[in-house]
């Protein structure tokens, strides 16, 4: 399953809530304001590291760029909309709103 | 100053953020989904107690009733819209959105 | 409908609705419920999960008269009559909010997040409200 | 306008705009900025505080071309030309986000929440965006 | 006391409209003047006359219209925000007008209080 | 692959509209069929032809209209949600229609994927 998270983890509980429901092998894609979660060096760094033990973590490049995020946490894969579509080809989608 | 908070403290950072900016003597009024903060026995009980050392804490009765909240944390004053207007008579307003 | 053999009914989809917002502050729960009631007529394999502030939707004693908004909490009690019987509530979400099953209007299955996560994972469609 | 003697100018109001949302995910910061630019023409005592995700509005290197939304970060650099000079940034909000003053597009005053709280308290009007 | 209201969310989707209305009603009842309700962001969608909720529900646009007609409260939608969202004179309720942000500034200046409702 | 999209927020105020559009565009470019964009909650406000943003900005309604005309993507607004928010045939762009939630159920059933964008 592909989980998308579109809200800033500082403002919303989406990330903290979603992570409890992840199954091993699920992917997590950060989009829109969600991408702030993977900015290198912020207070969610260790949470992102923990999630990566069982899940791949991705972030949408256009949204990172729009927000001036140039460096992402280790191991986070950056994809564009084409990559987003590929993820949707592979998985059913669970958009955490 | 009267601070109003209208978001659930579980879903949003409004309460945690607002509290850092409170000045002694300011009042805090919980409205809409904000009233979940003062439901007795939830995980924000000690935060509400701390805030009450320097600030009065109020909650809007119509919003409590709509959400089935029958018992509020100790010391929280419950007001209706008339009481809300009285608070606005006494203070400038700072609505944390 | 009872149990459906998916092998013989390839058009039966597993659809989970996830209630994530508190009621009344926003319309998501209410319009979500309207969606569930319509979908119930299509004989799909529907379930509803209440997660985070979504558990508040089921709180007893809601009375919206004084805010001038239509109440709908009791409509959840009618879901059973529409054969929507799979109602899952996230245990930690209840606990953090100082709530227990006794505070809820309808009979639900209280599950750990791992169990709900597993059910989510089996769905064809997941819709958050 | 420089310093205004409030005693002689009872119509000068202290108005603080509070930026609380990240840019682009919602329009609040952008339409907030439009509001500030108009209000700037009215010679009131304006200030802008950046709190929580609001600090992201000032982040350098924003390029919105690939999301198809108009960028506006640079408009904050123009505020000075409108005599909106009181820009306050909450220190803890920066720190939690792994940011420093060097990451910001414009020169601001970085203050503790107590200091910003005191300034808020002196306002006639506070508008959150 | 003279009070201005700033409303930043659309009808039904957020409680902000309802809270703002209930507050205005209570303030008027206590003898205050509610000078204006200024609609910003999605708030501009409060005043379309095409709104047609179920019969047993409140009609939010009609309620603002009545507030204007009965108590002289100005109901004002920001023009820039309205244009983005498809609110124009064509669909506006009688009691509302479209205006600029300068008017909001005037409201902030001439009232004793400005109170915001939103998300 | 056949893909349905559910869009739950209005234009401009939330990025959801833009994300949904960019996703649809990319999916079509990769050879997939985007069957329909179903508008729910404030999402119904995406398709008013009265939308009139600044000239240097995107016109979100016109963009949905073009997506329908160029790629046959059905653009559908929920009738109950539309009525609450003042979206009716009177203001609808040509490429969109108003329909019931049953249609969304059909979309969920007949597509390989249903992906939601919202707040």
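Going by the order they are written in, the chains are A, B, C, D, E and F; count residues from 1 in each one.
We adopt the following convention: a residue touches a chain if its C-beta (ideal position, glycine included) is under 8 Å from a C-beta of that chain, and two chains touch if they have at least 3 such contacts.
Everything numeric in this text was worked out from a predicted model, so none of it was measured.
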Query = How many steps does it take, at the fewest, to get from subunit A to subunit D if each step moves to a chain that touches the one before?
reply = 1
Query = How short can a path of touching chains from subunit B to subunit D be, counted in steps?
reply = 1
Inquiry  = Count the C-beta contact pairs for A-C and for D-F, then tell me which is higher.
reply    = A-C
Ask   = How would you label the subunit E and subunit F contact, same or different, if same means the shared numbers make up over half of all numbers there?
value = same
Message = Taking each chain's centre as the mean of its C-alpha atoms, which one ends up farthest from the centre of subunit B?
response = F
Message = I'd like the Å distance between the centres of subunit B and subunit C, where a centre is the mean of that chain's Cα atoms.
response = 29
Task = Indicate the whole-number Å distance between the mean C-alpha point of subunit C and the mean C-alpha point of subunit E.
result = 34
Ask   = What whole-Å value do you get for the distance between subunit C and subunit F if each is reduced to the mean of its CA atoms?
value = 25
Inquiry  = By the touch rule stated above, which residues of subunit F touch at least two different other chains?
reply    = 8, 12-13, 15, 19, 22, 41, 80, 114, 116, 118-119
Message = Going by the contact rule already set, what residues in subunit C reach two or more other chains?
response = 24-28, 52, 67, 69, 124-125, 128
Remark   = Residue ranges of subunit A touching at least 2 other chains are 6-7, 10-11, 13, 32-33, 62, 80, 92-93, 95, 97
Query = Can you list every touching chain pair?
reply = A-B, A-C, A-D, A-F, B-C, B-D, B-E, C-E, C-F, D-E, D-F, E-F
Message = Going by the contact rule set out above, which residues of subunit E touch subunit D in the complex?
response = 6, 8, 40-41, 80-81, 100-102, 104-105, 108-109, 114, 116, 118
Request  = Provide the residue numbers of subunit F that touch subunit D in the complex, in ascending order.
outcome  = 12-15, 18-19, 21-22, 56-58, 119
Key: Contact footprint of subunit A on subunit C as seen in their complex   = 20, 28, 51-52, 90, 92, 113-114, 116-118, 120-121, 123-126, 128-129
Message = Using the touch definition from the top, list the residues of subunit B that touch subunit A in their complex.
response = 10-13
Key: Partner subunit F, residues of subunit A touching it in the complex   = 6-7, 31-33, 62, 80-82, 84-86, 88-89, 92-93, 95, 97
